[in-house]
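Read through the structures below before going on.
Look for chain A in each of the two complexes below; its partner is chain B in the first and chain C in the second.
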Partner chain A sequence: MTEPVLSIKDLVVEFPFRDDVFRAVDGVSFDIMPGEVVGVVGESGAGKSMTGSAVIGLIDRPGHIAGGEIRLKGERIDNLPEAARAKLRGKRIGMVFQDPLTSLNPLYTVGDQLVETIRTHLPVSEAEARQKAIDLLAEAGIPKAAERIDSYPHQFSGGMRQRVVIALAIAAGPELIVADEPTSALDVSVQAQIIKVLKKLCTNHGAAVMLITHDMGVIAQTADRMVVMHQGKVVETGTVGDIIRRPREPYTIKLINSIPTIERKDGAATPAPAANDDGAYVQVKKLVKDYEIGGGGFLKLMPGKVEVFRAVNEVSFSIEKGKTFGLVGESGSGKSTCAKMIVGLVRPTSGQITVDGHDIWASGAGHQERRKRVQMIFQDPYASLNPRWRVADIIAEPMRTLGIARNRGEVDDRVAELLRRVRLDPVVMRKFPHEFSGGQRQRVAIARALSSQPEFIVCDEPTSALDVSVQAQVLDLMSELQAEFGLTYLLISHNLAVVRQMSSSVGVLHNGVLVENGPTDAIFDNPQADYTRMLLDAVPDISKVA
Partner chain B sequence: MSDLPQTTAAPVVVPKTSRWKMFLRSDIVWSYRHSPITIVASIVALLLVLMAIFAPWLAPYNPFNPATLNLMDGFTPPNSTSFAGNYFALGSDSQGRDVLSTIMYGLRVSLFVGLMATLFAMVLGVSLGLVAGYVGGALDAVIMRIADVQLSFPAILIALLIFGIARGIIPPNQQEGAAVWVLIIAIGLANWAQFARTVRGATMVERQKDYVAAARILGVNPFIVLLRHVLPNVTGPVLVIGTIGLALAIIEEATLSFLGVGVPPTQPSLGTLIRIGQQFLFSGEWWILLFPAITLVLLALSVNLLGDWLRDALNPKLR
Partner chain C sequence: MLAFIARRLFQSVIVMLVVAFIAFLVFRYVGDPLANLLSQDANQADYDAARQRLGLDQPFYIQFFHFVGNALQGQFGTSYRLQQPVSQLILERLPATIELAVASSIIALIGGVGLGIYSALRPRAISTGFIMTASLIGVSLPTFLIGIGLIYIFAVELKWLPSFGRGEVVQIGWWRTGLLTSSGLRSLILPAITLSLFQLTLIMRLVRAEMLEVMRTDYIRFAKARGLSKRAINFGHALKNTMVPVITITGLQLGSVIAFAIITETVFQWPGVGSLFVNSVAAVDVPVMAAYLVFVALVFVVINLIVDILYFIVDPRLRDGAKSGR
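Right after this comes the complex of A and B.
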């Protein structure tokens, strides 16, 4: 049997706090064989990133390794002095982090950073290092690498930057690459390419990969084996196919069951075809939003040509009462701008939005109708709840503002009832938002949205800040509430699987244009637009396990 | 959505966590207890404030009652008894006034002017900063350019200017009574820009957050959004600048009084006492200058240290 590249045994990472000690990693053991890709998967707080940091030797103070050992090719590395560990980084262990924007130094050209890394670790001349850098960039899929090598990081797109980071990680020929959420900051279509590049480069250079991610789909498509972590402990280890098809531990089973898939769910009723008729409850007609590019303030008063960027271009769709319309798009597609125009936060340049026949941008009456009927659920439950308010006040604000309930007892009763509806204990109404977990906060945000008794709720990425198991609970809750109150949803998401599970019809936005629009099954099973097809192919999905 | 059924709502018993207990467990109390220098500074500041508040009861003499003044007490050195047989812990000045007592009364004036001026600057700066940050556009540009212009002058110069204008407007027979208020307005107007800048920046950050969007979707009055949503979330930096601004205002008041444009000599502040004292420095009566000066340094230093600690304690990045 060959010796493992990385061997972690009973690793414990502790964070001392004021009055107790938090164990971020609690007795983790696993091996990575040469050339193997091992996925470490888990939800937030599982200790997966901390395990990665321990391997690299970059645990933030006051955290420290409190027990166990880490061996690189049989040689113990966790107790080495800092200087010796620093030598390992880059030379023998390469690193790829989540955010390609911050992991490259913006003040140096890409070439400078590559040459510096290569020359630090390998005895080569400046010219040789430069040639090697160009080769690496070309290998990482950067077109015209010889020309692009003297560009600065900001001149690359996010995906291209992550390719540079991968080239940088592989530059000194390390035995192991630690990749911490390498694709989480990227769009789906770019993500697929980056996964391929990472896998190809590591195979070519014979490096093993420790791939840390929350996304089971990415692991399904990349890794050979996987380690499932939960609350600092390893729950299950095995080949990717085995774990996804036949999970043994209850936690893994729950985790895999809560992942939405872009395949059609079994037993789901075929929704009625989305009619684009004038009787629909919500109608969006030829919506356009232009932004002026250039300085604000006094500059606006100066005469001169104003450049215009069209964020949303003649988007039209309609939603039946009680149904969900999914709006899908990558970053920059204009989906959030659409949401803001529909809830009344941003005035459209042209076009019309009607809810139940009322034009919501009509002054006076239209404004009143919108306040009563339309609500919104936001992406980030940490920013959407005022941190200085108690939950009771947050939920009561819509009813107080709209005059639904005025006296204190009535307001309290309604708040308690709303909390029960979103499956929270009414006792929590005295608490502040920071005392809740992400999923609980999103429930509070939903309770606030329901508080004004709306008929139409715009949900802008309602679960993308949440862990998969919490995501499943929140989506279930949203479906139940829809059935209970006959709510109409506009669900905006970059996550195709979530949209597939939730909506009856779907629109696909690309660069501000609605490229496709129709019943969910028709679009997912038989996409017409090239862009939609590409998007669907790119989605990493656990059903695509190799 | 139909009306929520009221019948199912059982009475909710909500246990209340005591605010005091929550406060004691908070990070700010922890960081206070782990900063010895802050504890010392707060004790010094508290003692000085108590001395000022209870001066009429604590002071051994009433230095402003001409009936009790005795020229025979003049120039008594510290910790000794005068010819008239009175004991002076910190000595007496040329007119036989007890230095300790004048310091206690002087502290009152200094602290009052400093606090009121900072409060005035705070209210003005925070309101303008909130409006500028929230409304943006031309109004923001106008307010912030005024602040920029003001910040390019030394604060003391602006205070002098305002003081000069006020002296021209107010009839001479009312000048003495109005002097303290003119001083407060002058120092306040010289210091509002700091508050406005900070609050504007913080407001622009908060304005982008979704909780503000949620309120706007509901159609909440922008004034209410500012007051109830944004303001509570920008108080942290305001508190820090307020504390450091208080130390600055106290020093500015002392400077103005030292220059002779501050409070009238009948109601001397620490600055006035220092001005009086420096006349006797070279004739050997050092205590008349030294003790008020030490008090001023202690006051400004302890308030400043408290402000520094508050800034660090409220900044999660430094923890």
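Right after this comes the complex of A and C.
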């Protein structure tokens, strides 16, 4: 039997605090064989990233390895002095981080960073290192690598940067790559390509991969075996097919069940056909938004110098009362700009938006009307709640500004009622946002959106910052509230599965153009536009496991 | 990039015109210039003649136009107090101030960046604690107290260094330098240190804060994960990223060092533009004050322009940003 590349045994990582010790990783053991891709899956706080940091030796202080051992090709590495560990990094263990936008130094060219890394580890000349760098970039799928090597990171798109990051990680030919959420910050279509590149490069260079992710779909596509982690412990280990088809532990079963899939659930209500008639509750007609680029300042004074970027191009759709319209698209497709125009935060260049017959952008009465009827839920519950305000004040703010309730007792009653509606204990109204988990914060955000008694809520990626199991709860809550109050939703998401579960009709945005629009089932089962087909194919789905 | 510089230059010209206008107002309307120029027993005829000769009877905008025209040729009139052309006075004293400012900025930059990096890389060391405490004292002590303290220790008690003046100077063209004689250099030490202490502590604290911030970023983590040497990470990747804010602050500080070295120059009897200004204020020497105002604005505008150009050299993102106008 061959020796494992990486062998972790009873690993414990502890964070000592003033009066408590937090065990981020608690007795984790698993092996990775040469050339194998092992997926480590779990929700945030499961200790999976910390395990990765322990392997590469970059645990942030005051955290430290408190027990167990890590062996690289049989040689124990967790107790090596820092200098010796630093020599392993890059040379024998490479690492890929989550966010390609921040993991490259913005002030150096891609080539400089590659050459520097190669020359740190390999005894080659500047010219040889440069040639190797070009080869690596080409292998990672960067077109015209020889020309692009002298570009700076900001001149690459997110997907291209992640290719560069992978090339950097593999530059010195390590035996093991630790990839920490390598695709989570990327669009679905790019995600699929990056997974391929990662897999290809690791196969070509004979590196094993420890793939850390919260996305079961990515693991299903990529990994040979998987390790399921929960609260610092390994819950289940096995081949990917086994675990996904026959999960044994209750936690794994729960995790797999909470993943939304783009296949339609049996028993889901047949959605009504999408209406495009004038009687619809929300109507968006030929919405256009142009941004001026080029020539700021006094160059603007010169005529003919202004270039125009059309972020949203004649988008039209309508939503019936009490239904959900899903708007999907990749980053930069204009979906968030659409949302901002519909809630009245960004003025459209042209086009018309009406809610219940009132023009959103009409002045005077229409303006006030809009504020009451239309509310928004934002993506990041950590950033969208004022950290210095108590929950009660956050929820009560729309009521106060819109004059719905004025005296204190009435406001408190309403806040308590809203908290109950989003399934939170009214006692929490005295707390601050940081005392809540991500899912609870998003409930607070929903309560705030409901507090002006709106009929139409625009949800911009309401669950993409949340763990899958929490996501499922929030989505359930949204559906229940819709049934209870007859709310109309515009659901904006890059996650096709979420859109499929939630909405009755769907629009697909691509480069500001609505390429397809219709009933959810029709579009998912029988997509007409090439772009929609490409998107659907790119979705990593656990049901695709062979 | 050229468009960007052109735009900046255009803005600079506007700033200078506004400042010139204020200087002109001061020059023209603070007191009656003729009362200062003519002797006590001048009669109305002398008065009118002088008015005509100086163009004071002309309309407001023409006077301003003349003022700007003269200023462009470096003519700001004659000092009431010293009866010499103002531009000549400033030029005579400028070398002293510039040598002092540059010397103290070099001390501040080397000391500040060095100590800042040191304390950022060893955040827990005892020496860092000591440096941070000392820097607090440096920020909070007033300049004149530091100057007097240094004079007391090094000039009065130890008698190592002179306590005032520039020492022997050598004339090179119109530039009178103290850097070529040993007494000139010795005279420079105390005022330069006094002037630099505040800037040094400021730069040090800034570099430290920025560096700690940068060390937490993903690309530093990724650089560590690639196994780069400590040296390459700290001085190649981290330091360059801390430079943008440091350049801004240092540039503005250099400007204020040149323009407002007044206290240090007064304490050390340094014959620079700062002490010229103080003496002129005391004597209500309006032409000197007006010229000084324009001079200070020019220093800041030029330094700001240089800082903006340095940004381009340091940060490649701005080079592309300028092309798309953002």
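Methods note: the second predicted complex is superposed on the first by the 534 of 546 C-alpha atoms of A that agree within 3 Å, B and C clash if a C-alpha of one lies under 4 Å from a C-alpha of the other, contacts with A are read in each partner's own complex, and residues count from 1 in each chain.
Going forward, a contact is a pair of C-beta atoms (placed from the backbone, for glycine too) under 8 Å apart; a residue touches a chain by one contact, two chains touch by 3 or more.
Computed from a prediction, not measured in an experiment: that's the story for all the values here.
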Between chain B and chain C, positioned on chain A by superposition, is the outcome a clash or a fit? fit
With the two structures laid over each other on chain A, which partner does A:Ile56 touch: chain B (first), chain C (second), both, or neither? second
According to the stated criteria, A:Met429 is in contact with first (chain B), second (chain C), both, or neither; which is it? first
I'd like to know which partner A:Pro387 touches here: chain B for first, chain C for second, both or neither. first
Touch test for A:Thr222: chain B only (first), chain C only (second), both, or neither? neither
Compare chain B and chain C by how many residues of chain A each one touches, and report the one with more. B
In the overlay, answer first, second, both or neither for which of chain B and chain C A:Arg89 touches. second
In the overlay of the two complexes, what angle sits at the CA centre of chain A between those of chain B and chain C, given in steps of 10 degrees? 30
Distance floor for C-alpha atoms, chain B against chain C, superposed on A, in Å, equals 6
Considering each complex separately, which residues of chain A are in contact with chain B in the first and with chain C in the second? 296-298
Footprint of chain B on chain A - complex, ascending: 18, 296-298, 300-301, 340, 343-345, 367, 370-371, 374-376, 378-380, 383-389, 397-398, 401-402, 412-414, 416-418, 421, 426-427, 429-430, 448, 450, 452-455, 485-487
Chain B residues within the chain A interface of the complex: 1-6, 8-9, 12-17, 30, 136-138, 140-141, 209-211, 213-220, 229, 232-233
Touching chain A in the complex: which residues of chain C? 3, 7, 10, 217-219, 221-230, 232, 236-237, 240-241, 314-317, 320, 323-326
Quick check on the complex: what are the chain A residues that touch chain C? 56, 58, 86-91, 94-95, 97, 99, 102-109, 116-117, 120-121, 152, 154-155, 165, 168-169, 171-172, 293-299
